Structure formats: C-alpha cells, structure tokens
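In the part that follows, the structures are each spelled out as structure tokens.
In the two complexes below, chain A is the common chain; its partner is chain B in one and chain C in the other.
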Partner chain A sequence: MTEPTTRTQAYERIDGCIGGMMEQIPQLSNIFDAFRGVLAEGAAVKAALAAVDFTNLEINPERYAQGVPLLTKDRFAVEGKSFQDAAGRLLPLMEKSFPSIRDQLRVVNEMIHESSIQCEALAMAVISGNEEEIRKTVGTRDVDPGALRFAVGLIMKPFAENAAESLPPLPEGMEWHQGYCPVCGSWPELSVLEGKEGRRWLRCSFCGHEWRFMRIQCPFCGNTDQDKLEVLFQEGRDHERAELCHECRKYVVAVDMRDRIEEIPHEVAALGMVYLDMLVQEKGYSPGARCPWNVIERQ
Partner chain B sequence: MSGYSILVDTSKCTACRGCQIACKEWNQLAGTATKNTGSYENPKDLSSDTYKIVRFAEGQGANGKAFWHFFTEQCRHCLSPGCMAEVEEDEIVVDEKTGAVVYTPKTKDLDFKATLEGCPYDIPRQDAKTKVLTKCTFCNDRVGNGMLPACVKACPTGAMTFGKRDEIVAAAKKREAELKKDFPKAVALTPDDVRVIYVLKDDPKTYWKYAAGR
Partner chain C sequence: MNVTRREFLAISGAVGAGLALSSLGIDLGPAKAYADEVRIDKVKSAKQSTTICPYCGVGCGIICYTDTKAGNIINTEGDPDHPINEGSLCAKGSALYQISSNNPDRLKKVLYRAPGSDKWEEKSWDWALAEIAKRVKKTRDQYFIEKNGKGQEVNRVEAIAHIGSAALDNEECWPVQAMMRALGLVYVEHQARI
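Let's look at the complex of A and B:
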C-alpha cells in the first residue's frame, strides 16, 4: 500500500474509507459521520508532522525481551504550540459532530489555548492516565473528565502515531510476545489477519504501532485455551469479527484480510466494526482497549 | 480501462490444481467422472461442470531438454469479447465495475457454435440439458463483495494474483521482463486485450494449443 504523501491525500484516504462504511452500513451512518471529519483531519495533521528525533534512544534488548516497551509515555510529549494548532483544527470539528458535549469541548478549547505550558501538562496527564493531574489542571472548570480525555486523546493521536512511525528499526533478533504494544505499552484496538498463512497483527490503540502476535491467544490475559476463545461475526460480513476471551471477558475487533481485494486503512478499521462492539458488549464483554467510539452507554 | 485483472504467473505454478478445485467448490459444480489417460490432466477438457482446468504438457524443447508445462486454463475475460458477436440483448454482459464477462441464463437462446467460434481460446461450453452456455464467472459474485476470486485465494504459491487492472498489467509486463533474462521466449500473453493475463517462460504452443488463441 502506498503511504499518503500529502495532507490532502491523507485526508481523502480516511474520508473515502469512512464514506464507504456509511454506504455499506447505513444504519450506523450517524456514528461514522460523527468521526469522519475528525479522523480524516487527524490524518491530515499527522501527514504534515516532521519525524520525531529518536537518535538518542537507548534500546535495551534485555528489558525489551522481559516485556518493557521501548518508550515511556513522557517520550510522547508534544510541544504546546503544535498541540494548540492541532486542537484549533480538530476541536471545531468535534464540536460540530458531538453536540451533546459541545459546551464542554469549548471549555477544553479555552484551556488548551490559555497557555502552552498548561496545554503540555494537560496532554501529558491525559496520555499517562494521571487522574490527579487532570483534576488539578481542570480546577474549578465545568468539564467532565471523560469529555476531556475524549478530546485530548483525539488531538494527541496524530502525534503519537507519528512518533511511533519515527522509531528506528529494531536490531535483529528482538522479539516481542506481549499482548500490549512494544512501543508504548497500550492495549490493542484491532487484530488483523493477513497473508495466505493468516499472520495475526495487533494494532496499538494509542500509537498505532502494529506487531505480530500468536493466532490463538488472548492479548489481554494471555489465555491460550482454545475452548475459551471464540470468534463472533455477523452473517454476510464474516471478514469482520470480534475475538472474545471467556477467561477475562475482554475482546478485540478483528479484520480478516486473507481473501479481501481492497486494503482497509487500519487507522479506521476498528470504527467500521462498531456494530460488533455493540453486540459483544451486550453479551457482557468489555473492549480490551477503549477507543473514542467503543465506549457504549446503555440507556 | 478500469476494473480488475488476474495475473497467472505460470513460472510459479506447481499444478497442484487447488484453483481447479476451488472453482468447482465455489461455483457448486458437480464432480466429473474421469479415467486415467496417462496424464495428471483430469478431466481432459472444460465442460458445463468444469470452468477451469490445469493443462499439462510435456515434450522436448529446442535445447534438447525435457519440459513439463502447466497452464491453468480459464476464460480470459477479453476486453472486446469475441463470444459476444451473436449477442442481441443481454445474453452475455460485461460488468462495468469489475470488467467480468458474465454469461446469463439467457445464453440458452444463443447459437452455441457461433459463440464458441467467436472465442479465440475455445472456452465456452454448453449444458446439454438446459442449453445454457457456461464458463468462468471471474467469481463476479465474490469480487462484487470485495472478495478475491476463489482460484486466486486457493493458489498456495502466489502464481495467481488479483488486483486493479492497471496494476496487474504493469506486474505482468514486469514479470515478463524478469523472466526474459533466463528464458528469452518468456511472454505476457496479450495484456492489453484480456483481463486474465498469463506469463509464460516458453512458446505458448508448448503449454496448450490455444494458450495464445487459435
């Protein structure tokens, strides 16, 4: 697959793909449409970023072999001005797409543009999951932490993916056998089967890095008992599935590309299977990684 | 010319006949009674129940060395299909999206002999009972749903690949050039005229009498 080289190409690649989802599953058009502009613009933001300099990165093969990811979350820190610029492009789209949290998104926008130092601290607090720091930064403002995480997570995404793509190739012989990301340590949002042999790849929910993983193993608890692993799919769309683990009751959505003609951009493949999130969560399973679209509230 | 194409790189084919079986299975075609004729080529010809067969050809090349060629035969899905010469309505249609040449049940009203003569590759066959004409469908039902044709999916060696037409034509020409270094007679068969493009290492006649057309 040819990587997009310009912002326009990057935008159109995602925009076109989500447009296709809307045609294929019109019942979920409102969800796809809500994320369409934000994710496409996010791809355009990423296409314009310069590679992150990792020349001083020290790779410790022993720690890596023991399951320690290459980067700590602070290596994903973003310079305040760049973050503000990205927020300036993405937040108005979010406000338009998610009217129920529009007021809160406006407050987030104000916070981000108040000072670049505060903005950097806020981004770091969100990506490292530091709830105390989030509360401190929010102060007395009327913002739900969930809305804040949602917005900052989407703004952060292009930067995180760009950082992961900027990493130098690993020395030969370094293998990773964990279900979490070898780059940042986050859980996978997507599983992909591809090639004639059906190699399984997992895609990180934070930095987008992809790594090989065992075909019959739960990424979240390591369970390899095939009687406790199940695949659920909808008739007529059997290349899209949810891989369930009865042991830890978690799942990851998966796409089987073995007999597919067209590539699906992996960045948005999980969004296209949101109908499976609904079905599986109804059965009492929870997503192994939270994505902006897979936290479904029951009414 | 958009749509899709299939590249058949015969230099990678091991004649496993996985494609032949996958075609039968997907299209729900009945098994054919066969007999030992001293060749692995089995059944001996296309029929209304066999849209695709692997031709086996052995002999002695100009260099004095023995050859054993495999040619997985099927409809070429011509860009200007000769088999459509007799068509008056929609007995045979070309799918605008995929480019597949599709025979409809209305082909029972076509003159079989004329249709067969219109095909340079001797592909169409007729169902003796229904009189409907048959051949490879390009797995148009699968392709229309974003899936690879059954034969391409089944091919374990990568001899068959499927993709956008311009990419496959480019790949065929590239492969021809690569093979020419070791096999001067290597050729991509009429890539500008057909959708199923074969790449051969040797004279087409040494593979099958109609490999390059009558």
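Let's look at the complex of A and C:
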C-alpha cells in the first residue's frame, strides 16, 4: 500500500473510506459523521509532519526480547507550537462533532493556546497517564479530566503515529511476542488478518504500529486456552469480528482483510465495528485498549 | 532482566478515550437499534481449535472454527502460526471442510453400481464388507502365485492392487499395507505418491 504524500490525499483517503463505511452500514452514520472530519484531518496533520530523528536511539536487543518496548513515552514529546497548530485544526472539528462536551473543548483549546510550555507538559501528562499532573494542569478550570484526555489523545495521535513510522528498521532476528506494542507499550485497538495465510497483526491504539501476533492467543492476558477464547461476528459480515477472552474478559475487534476488494485503512477499521463493541460490552466484556469511540457507556 | 509491573505500567500508559461514546452528544439510537437487530437475528460466535491435517505425513497445522451454539464446524483454514506450513495448505488440506458433517454432498451410505449398470444402488455396510471379502478371496484364490518361473517361492497376488486414500493418516496406513502384504499383494500404492 502506498502511503499518501500530501495532506489532501491523506484527508481524502480517510474521508472517502468512512464515506464508504457509511454506505455499507447507514445505521452507524451518526457515529461515522462525528469522527469523520476529526480522523481525516488528523491524517492530514500527520502527512505534513517531518520524520522524527531517531539517529541517537539505542536499541537494546536483550531488553527488547524481554518485553521492553523501544520507546518510552517521553520519546513522544511534541514541540508546543506544532501541537498548538494541530489543536487549532482539530479542536474546532471536535467542538462541532461532540456537542455535549463543546464548552469543555473550548476550555481545552484555551489551555493549549495559553503557552506552548504548558501545552507540552499537558501532552506529556496525558500520554504518560499522569493523573496528578493532569489535575494540576486543569486547576480550577471547568474541564473534566476525561474530556481533556479525550481531546489531547486525538490531537496527539498523528504525532505518535508519525514517530512510530520514523523508527529505523530493527536489526534482523529481533522478535516480539507480547500483546502490547513493541514501540510504545500500549495495548492494541485492532487485530488484522492479512495475507494469503491469514497472519494476525495487532495495531497499537496509541502509535499505530503493527506487529505480528499469534492467531489463538489473548493479547491482553496471554491466555492460549482455546476453550476460553471466542470470536463473535455478524452473519453476512464475517470479515468483521470481536475476539473475546473469557479469562480476562477483554476483547479486541478484528478485521479479516483476505478476499476484501475495497481498501479498509487500518486507522479507521475499528470505527466501522462499533456495533460489535456495543454487542460485546452488553455481555460484560471491555475493550483491551480504549479508543475514542469504543467505550459505549460510562464504566 | 524481567520487566516489573511498575516498569511496565510506566511505559504502557495508553492514551485511551477519556469519555464514553454516549457522553459526546452523538445520537446513538440508530446504532443501538442496528446492534439489537444483529444480536437478535445474525450474531454468531465460534471457537477456534488447532488441529493437524489428517492426510499425508507432512502434518500441516489447521484452525477449525466451530459454531459455539450449533456445535458444528463452520470453517477450516491453514494455521499461520504453525511451524510446518505457516498457514499454507495443499488442495486437499484446503478442502478439509468438505469432510465435515456440514457437507451436503458427503456420502453417508454405501452406493453400489453393478458391472455394466448405469445406476447406483443403496446398500448396507454389512453387504458391502461381505461382498468385498468374497471378491478378494475369489480373486486371490484364482490368481495366487506360489512360485515364479524360476521355481522360487514368491506367494504373491498380481491380480489385485491396493491404493491408499488421501484420507488415511500414517497410523491407518501401516495396518492397511500390512494386511495387503499378508494377502500377497505387490501393487500397494498410496494417493500421496501419485
């Protein structure tokens, strides 16, 4: 697959794909509509970013083999001005798409544009999951930390994906057998079956990196007991499925790309399966990685 | 060095959604109605089991999908994580699904076509086995060769040949060929060599 080179191409690729998903399942149009502009614009933001310089990155094969990802979260630090520019493009779209949190998004926008240093600290607090730092940054402002994480997470995504794509190729022989991302350590949001042989790839919920993983194993708890793993799908749309683990009660949505004619960009494939999220969460399972659309009701 | 839980958490704090979809102000009514419709009429679930192809001695890995409600196999495919075949299968392995109970064309009763006839007749297993035994004995008795042209003892039957099915596994092939040798057959072949 050729990567888009211009902002417009990147935007149109995602926009067109979500449009196609809408035609296939019009009942999900409200959800597709809400995320369409934000995700397409996010792709455009990413397309305009320069590659991150990792020439000084030291790769430790021993640590890697033992399950330590390549990059710590601080490696995803974003320069304040770039982050503000991306926020300037994405937040107005979010305000339009998510009316219930519009006022809070405006406050987030103000916080981000107050100072670039604060903005950098805020982004780092969110990506490292530092709740205390998030609360401190929010201060007395009328913003739910959840809304802040939601918005900053969406703004960060193009930067994180760009960083992961900028990594140099790994030396030969370095293998990764974990269910979390070998680049940043986050959990996968999507499982993809690809190629004639149906190899399974997991896509990271944070940096978008994809890595090979066993077909019959839960990425979240490592369970390989075939009696405690299950796939759930809709008859007639069996290329879309939810892979459940009865052991840890987590799941990941999966798409089988074999025999598909239309392109399904991995960036948005999980969005098209939000109906499976609804079905599975009713049964008491929770997504192994939370992404902006896959937690249906407050948990 | 093992990764401690603390270290792991420090490097894996995923940027998840901070909010539930239902709290963003999106009308989820049609989507929930669609999910309900799927749940009532179309939802299926399956268990994946790994197994080994029953045909030749290569031992390719296969994943079987079994419908968890109906209990029947709904799909079979090569196992990409199996070190022997890495997901690839030959034509027979790829068609393994056809030997499952779902195949409406699979023969479940003996069909017999008499010499010269153009019709198949349904027969019982007892009839078929007795008939095979009778004809094997008759042919063997008629054509059994005790000695060859040089007077050497050979005790063989050249009037019967045996071909092993691709559906036989290694363990089944051994007693089959042993039995054929005991009858004196020399033309003992297996589908895998053809």
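Quick note on the criterion: the second predicted complex is superposed on the first by the 297 of 299 C-alpha atoms of A that agree within 3 Å, B and C clash if a C-alpha of one lies under 4 Å from a C-alpha of the other, contacts with A are read in each partner's own complex, and residues count from 1 in each chain.
As a working rule, a residue touches a chain if its C-beta (ideal position, glycine included) is under 8 Å from a C-beta of that chain, and two chains touch if they have at least 3 such contacts.
Just so we're clear, the structure is a prediction, and the values are computed from it rather than from any experiment.
S.K.: Should the superposition on chain A be reported as showing a clash between chain B and chain C, or a fit?
M.R.: fit
S.K.: Based on the superposed arrangement, let me know which partner A:Leu148 touches: chain B (first), chain C (second), both, or neither?
M.R.: second
S.K.: With both structures superposed on the shared chain, find the angle between the C-alpha centres of chain B and chain C as seen from the C-alpha centre of chain A, to the nearest 10 degrees.
M.R.: 40
S.K.: Examine A:Val231 and indicate which partner it touches, taking first as chain B and second as chain C; both and neither are also allowed.
M.R.: So A:Val231 only meets chain C here.
S.K.: Applying the document's definition of touch, where does A:Trp176 land relative to chain B and chain C: first, second, both, or neither?
M.R.: The answer is neither, since A:Trp176 touches no partner chain.
S.K.: On the A-aligned overlay, A:Trp201 touches which partner chain: chain B = first, chain C = second, or both, or neither?
M.R.: After superposition on chain A, A:Trp201 lies in contact with neither partner.
S.K.: Kindly classify A:Ile261 by the partners it touches after superposition: chain B alone (first), chain C alone (second), both, or neither?
M.R.: A:Ile261: touches chain B, not chain C.
S.K.: Tell me which of chain B and chain C touches more residues of chain A.
M.R.: Here the partner covering more residues of chain A is C.
S.K.: On the combined arrangement from the superposition, state the nearest Cα-Cα distance between chain B and chain C in Å.
M.R.: In the combined three-chain model, chain B comes within 5 Å of chain C at the C-alpha level.
S.K.: From the superposed pair, tell me which chain A residues show up as contacts to chain B and also as contacts to chain C.
M.R.: 196.
S.K.: What part of chain A is in contact with chain B in the complex they form?
M.R.: That would be residues 196, 239, 258-262 of chain A.
S.K.: Which of the residues in chain B end up touching chain A in this complex?
M.R.: Within the complex, chain B contacts chain A at residues 4, 142-143, 146-148, 153, 156, 158, 162-163.
S.K.: Which bits of chain C are touching chain A when the two form their complex?
M.R.: Per the stated touch rule, the residues are 1-3, 7-8, 10-28, 30-35, 38-39, 42-50, 63, 65, 68, 77-81, 86-88.
S.K.: For the complex, which residues does chain A have touching chain C?
M.R.: For this pair, the touching residues of chain A are 25, 27-31, 34, 62-63, 66-69, 72-73, 97-102, 126-130, 144-150, 152-153, 156-157, 160, 180, 184-187, 195-200, 205-206, 214-216, 226-227, 229-236, 238, 274-275, 278-279, 282, 289-299.
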